[in-house]
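Both complexes below contain subunit A, partnered by subunit B and then by subunit C.
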Partner chain A sequence: MTTEILEAAPAGTVAAADFDPRVEGQRLIKDWYAGLAEAPRRGQHVANVFVMGNAVEILRAFDFQLVFPEINSLQTGVRKASGEYIRLSEDYGMSPDVCSYVKADVGLMLKENEHPVGRIPKAHLAIASNMCSTFIKWAEIWERWLKVPTFVLDLPGQRATNWRVRPGDAQHAADSRWVEAQFRDLIEKCEKITGKRFDIDRLAEVEERVNQMVFHWNNVMALNRMCPAPYNAMLDGLTYIGIMNVYRGAPEGVEFMRRLERQLKAKVARGEGRVAEERFRLLFSGTPCYVSMRRLVELFETWGGVFAYSDYLTFAAGGMDAGELVYDTSRPLESLAEITALAAQRGLSNQFFAHERLEQQIRDYAVDGIVFHGIKSCRFVSSGMADTRDYLNKRLAVPSLYIESDLIDPRYWSDAQIKNRVDAFFEALNQRGVPPPGDRKTIAAEAGRAA
Partner chain B sequence: MLTRLAPENEAELTDLLERCHAAARDNSVPGKDSLPEGFSGTIGHFPVYFPEEIAHAGGLLPVNILGGGNKLELKHADARMGSFVCSICRSTTELGLNGTLQDLTGFVTHPICDAAKHLAGIWSRNLPEQLAQILYLPQNVNSRGATRYIAAEYQRLRADLERKVGHVISDEALRRSIRIYNENRRLLRELYAIRRDEPWKVSCAESYLLMRAGTRMPREEHNAILDQAIDLIRHRSLPAQDKPRVVFLGGFCEQPPLEMLETIDDACFVVDDDLLVGLRWFTQDVPESGDPVWALAESFVERSAASPVQHDERKTKEGYLMEMMRSSKADAAILTAAKFCEPGLDEQLAWSKHLDQAGIQYLVLEFEEKMTSFEQMAMQVETFAESLLFALA
Partner chain C sequence: MPHVHVAGIDIGSTYTKAIALNGNREVVGTAVRRTGFKLAQAAEGVFEELLKASRLERSVIAYVAATGYGRYTAPFRHTQITELTAHAQAAVHLFPETRTLLDIGGQDIKALKIDAQGRVKAFRLNDKCAAGTGAFLEKTARYLGLTTDDIGPYAIRSTKPVEVSSVCAVFAESEVINHLANGIPAEDIMMGAMVALGGRAVQLMRRVGLEPGYMLAGGMTRNAAMVNALEDNLKSKLKVAPDGLGQLNGALGAALLGLRRVEKLIAEGRPIPPTAAQQGQTDTAARRRWSAQAVKKRVEPCTVTGSCPVVIKVLPQAVAAA
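Moving on to the complex of A and B:
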């Protein structure tokens, strides 16, 4: 982890503004959906994008309204409606063994884009990166059904373990050149679709806002190295990540992240944690089960366990917290390619060598245990998870728990079974014992400063 | 397998096929002491496509790692991979963990799916002495710069292999390997032409065995086998049977059991398929002069086949299915997918919906490499074939 706290530690006098991240986050997401429903009436062009490798900066420079199909699908889960959408797609013929996000989206198409939060507009363009292979198959469905022009953005990922690519070295130059060539093609495509000329100054403006968001985001992540952790990465963090994606490069996103950081700093200054008594600091590996998101966190928090970090907050936020990822707005396009190539390797495709990142995060966040959440229908997250767990168990002797459910398919959430496993995990942690709260505070704070 | 061969060729062809079958059953790789002459190690690679010429030119025997088949018992992999991961990834992991693949010099996987990419991480954690990596073949071959990027990626691989073998892989060595592989692909095209034009002379299972033998022997040796086999097959004098002509899809990565192919052969002529399509990835010869790395990279962009795990704006999945059916004069399609194979399952549905619209008959089958019972499948295939024959009569 190379995130840094770039500003001085919060003074005790810093007041928490009247800012509730959850309420403000919900408002922003609601506004975004309202904007989507309005897009056709406004004559606005719409692009489908994913959370990993999406060239949002270019799309914003062309004023595309952004649809995040993954977020649409997870929202069906949050709103307890995913079962219906999945059932529709399986009735249509989709296999029970493929990504449930895709199936919810196919269900959405079969319902003529009627989503629990409103109508989702048809896209004029789709961007699918190779960071998750399913993105490409998903976009091919839109191509096939809806005739949506698709641009596959190929991002060269981390090739091997101990992969050390640095800005400007030969490997990074070769990879960046390839990404830049694709961006130039994408820009041509956007010009044809929108009828607008590409404005490089607009791109620089968007990048400047992304830089600011990433700056605050990194500080927000680092604040959870404090003990007690001011937020739960797998509950509060999910709101933050939603804003990070949906409002990436937008003024509202910058403002949210700025206020969030200030609010959390004030919490830290007051010594206020997410849970009343933080007894166990945990790392969560994987994605949430959105149909039981609150329940999952509750199972841990009742034992005083808080998720100080999750790798989900790295890869599902675009991988921008991986260090040195700041756009040089004096050369916007070249820099976009360079940073995109780095983020793909340091924050996204390093999922395939997850032990490296987790090993670092265990130290950075001074955690007492890791929770691995295997997702039945997500091979990107889950295929190497059990082996990673075995590797970390042997090398670091950090207690771990493996549970299994799904992203949004309610059929795979088995409450009693998961509760039993969680309870047994905490009983083992209790027997093992943890450092006294005072010591933990020092360890975590030092980890935060040393980063 | 067909047994009614012309008497003078029967023993020779049977012997060849038996050698190929034995090779297909053997999951091990040659150790230092048993390598073919001219090779100093082995590079294992996962399906679908891998530029074997680069390893071959460096004196590393390319071995296509095709899973464990239906004779392998999983003792380690079940604890290391979720139950929802496809069989080929799980059995490949097993072969890594149980020592069968311990003599590999390296293992390379590709961005064909996320489970396949995870194999590189599993390999690096468990077999750290091997060169374990992902060769990032692009999913966007339609952008300017694709050839240049692939050439750079191949040069990176070439440099990694050079470090491993301790000597330079020269352009001349690469051109020589390209010539050998071009000959191999030419012979495979010839084999498939026989399947298309005189399908009664060689079954899908026989063709598969002949092709698969090349996945773990030097291509020079494989060329000699193919050359001999094709000659023997051409001289077979078997009567044409009354069977429907079908294409088989879904065998691009996980391998269907041989018994499954034989079951289909019993009822149908399989006139084209996507089995081991990576070995036939180039539809024309790779240029044998000029920069050999560029020639391989450019061929990937300009002279390549199609598969469910390669996006290419020029080749829709429905488009290449229909082209396959047209060029092989097939009456129907058998659309298979390996269990838990996300791209395969997605494509199977897309193909079936397309054939519904086109009014073409098809049979949907799901398989696993580890399956051992084929009675139910045989009944399905027979019923399908009978309905086709009835419709075609």
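Moving on to the complex of A and C:
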């Protein structure tokens, strides 16, 4: 897939000016929020879901309006309003150590669902999973406060060195049967809530659209192997992944991804990069700091540093990060269970085996350094970083930087401290020396072809 | 090029330090003053004092390299460098065998792993807790009625340091008050605080990777008790620059990097670039710390202004290294 893209990039004939992914992405998110506010008036049923392990395909087949509480919380950060929501939940009695996404959502409930973007409707159903233990506690809060019926998906998975689930093996078959049985329960529950019969053809249609989105998404990520990188994985990439989640399985999502890929291909063909002079290619590992993301990216881009890749774009894509995860639409429910079981494994293994995955991505994207971003809110994604960093430094001698803040809690952003670390990191990179841009283009392209 | 002079200015969170070098990398003057609230003013003030101390005209200083948290606030700078890069450069200049460097500053601690050329291989800074910084010791001293300069001589008399275990500076201060209430001698409390700080500093060095060739830089080099606490924890000797130069390590590194830049420009026949102010980067000149907004009364200049303990004109090590 990757080789095809790199060799068949169009010769700049496609006009990119007609499509601005940032503007279009913002418009789609705005439309989605407008749709949320309108859902009660339309009599549409509403479901709260997380971005990982969420059975969105089934919910779409029942025409649920989807609410992503994680995205609601991060949007309070993007709109510089998260401090107020977090304070409300802490006034209520939550500890400063609780995940700030949860606290912003509790703040939202305390503000009677008044979000900076609009009113968030009350859900008729909430889906949680064991992909993150906080999800389960979070859903319990909805259940207690708002009396929202909750369905917790149990996605099996073991953890051990060199342990993997492979598609089709006995373990995967057993896991898939277990997940499928839960999906059948969920379908019954959805039928009761909505009063509609389950339509398996509708599920197949949704899955087909997800397949198309995944195809384009993988191409979009692969295009950033080119030097200069056409987009910044931690700024532009966050908009793209937002669409991947919110419009997963929706026609608008397919169209956005198709046009995005076309626009980026044209950009690559013209040799246009995210920054005027790309001096350092970087990999961002960890979750973003939505409240200061623009500032963080600015700190790196003033040095000519671009995030060519971020593992956030894979693990936050709800398991849609790998080409082999394609739904077999001739048996939609079984295939959904098989892929959900695999995606759950992959999502968690991405944390457990992060060093191996990053080692590959360092080569694929020809990066000069890695930036680890630990966050106060989530020790699950932050605690393994020391090991990974140590492994990569010793094994590959790749320079790395560790910075710490939070997803959306503005109190954890310390500008002077972070700027000092970023500046020192680039001074060290400068002293090491990097290949000139001409050589880098070849290296990146070869890495892409090899993949 | 002995006729060439450069200056390095380290605008730190607590002190602003300056050093002037001649073309032979010899120290011709130094100055230190409290940073206070107005960073640009502190930079300007220390530069004036430096010129006086080194008996040089402003026009003679060909190049100024600024470092430290306030590095962007000196309008007369030609370049700015982080203190990590600057410290590493000065460390190998003073002690070529240095491989692991520790700098204890007013508001943070830095551990650096460096190579023989003074390039930073890796660095770790303390997290956002103040319990691992010089400011923690200053606050402890204040509770005990001591001045900053008294800390070292006082603590060195301790025979039985008490444990100050809290990882939080504010809670640690509560512990200090509790120890005082229990009749523990002040010197044992002060030394206990130093042992706690030393433990955190050495932990940071371990995180960056301990490689023999240890050096200590920063204002703590003036404090013999702190050096002892660190060496006890590390179970190894730390190199410390003589004659108070440890506090000026960042400024020295900036000056050395500045001089190297000047030498390159001269060798290539290129002119010295304009200063930040000449380039129109004056926006930072008037920048104040946010806390200055809250201070209504006038802040008097520190009485120790210009009283830098460095008296030497030329360092024997510097001559040897050059």
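As a convention for this text, the second predicted complex is superposed on the first by the 428 of 451 C-alpha atoms of A that agree within 3 Å, B and C clash if a C-alpha of one lies under 4 Å from a C-alpha of the other, contacts with A are read in each partner's own complex, and residues count from 1 in each chain.
Basically, a contact is a pair of C-beta atoms (placed from the backbone, for glycine too) under 8 Å apart; a residue touches a chain by one contact, two chains touch by 3 or more.
Quick caveat, the model's predicted, so the values are computed rather than measured.
Placing subunit B and subunit C on a common subunit A by superposition gives a fit, with no clash between them.
In the superposed model, A:N393 lies in contact with subunit C only, and not with subunit B. In the superposition on chain A, A:A181 contacts subunit B only, with no contact to subunit C. In the superposition on chain A, contact of A:E404 is made with both subunit B and subunit C.
When the shared chain is aligned, no partner comes close enough to touch A:Q44: not subunit B, not subunit C.
Contacts of A:V152 after superposition on the shared chain: subunit B is touched, whereas subunit C is not.
In the superposed three-chain arrangement, the CA centre of subunit A forms the vertex of an angle with the CA centres of subunit B and subunit C, and that angle is 80 degrees when rounded to a multiple of 10. By the touch criterion defined above, A:S377 lies against subunit B but remains apart from subunit C after alignment on the C-alpha atoms of chain A. Legend: residue contacts after superposition of the two complexes on their common chain; A:N130 is shown touching subunit B, with no touch to subunit C. Of the two partner chains, subunit C is the only one that A:A428 touches; subunit B does not reach it. After superposition on the shared chain, subunit A has more residues touched by B, the comparison being subunit B against subunit C. Once chain A of one complex is fitted onto chain A of the other, the partner contacts of A:N420 are limited to subunit C, with no touch recorded for subunit B. Superposition on the common chain places the nearest Cα atoms of subunit B and subunit C 5 Å from each other. Where the contact sets of subunit A with subunit B and with subunit C meet, they give residues 404.
Residues 79-82, 84-85, 89, 93, 111-115, 117-118, 120-122, 124-126, 128, 131-136, 138-140, 142-146, 148-149, 152-153, 156, 308-309, 311, 316-318, 337, 339-340, 342-343, 345-350, 352-353 of subunit B are the ones touching subunit A in the complex. Per the touch definition, subunit C reaches subunit A in the complex via residues 69, 81-85, 108, 119-125, 127-128. Those residues of subunit A lying in contact with subunit C across their complex are 393, 399, 402, 404, 412, 414, 416-417, 420-421, 423-424, 427-428, 431-432.
Interface residues of subunit A facing subunit B in the complex, by the touch rule stated above, are 93-95, 97-99, 102, 130, 132-134, 136-137, 140-141, 143-144, 151-154, 156-161, 171, 174-175, 177-178, 181-182, 184-185, 349, 352-355, 374, 376-377, 379-380, 382-388, 390-391, 404.
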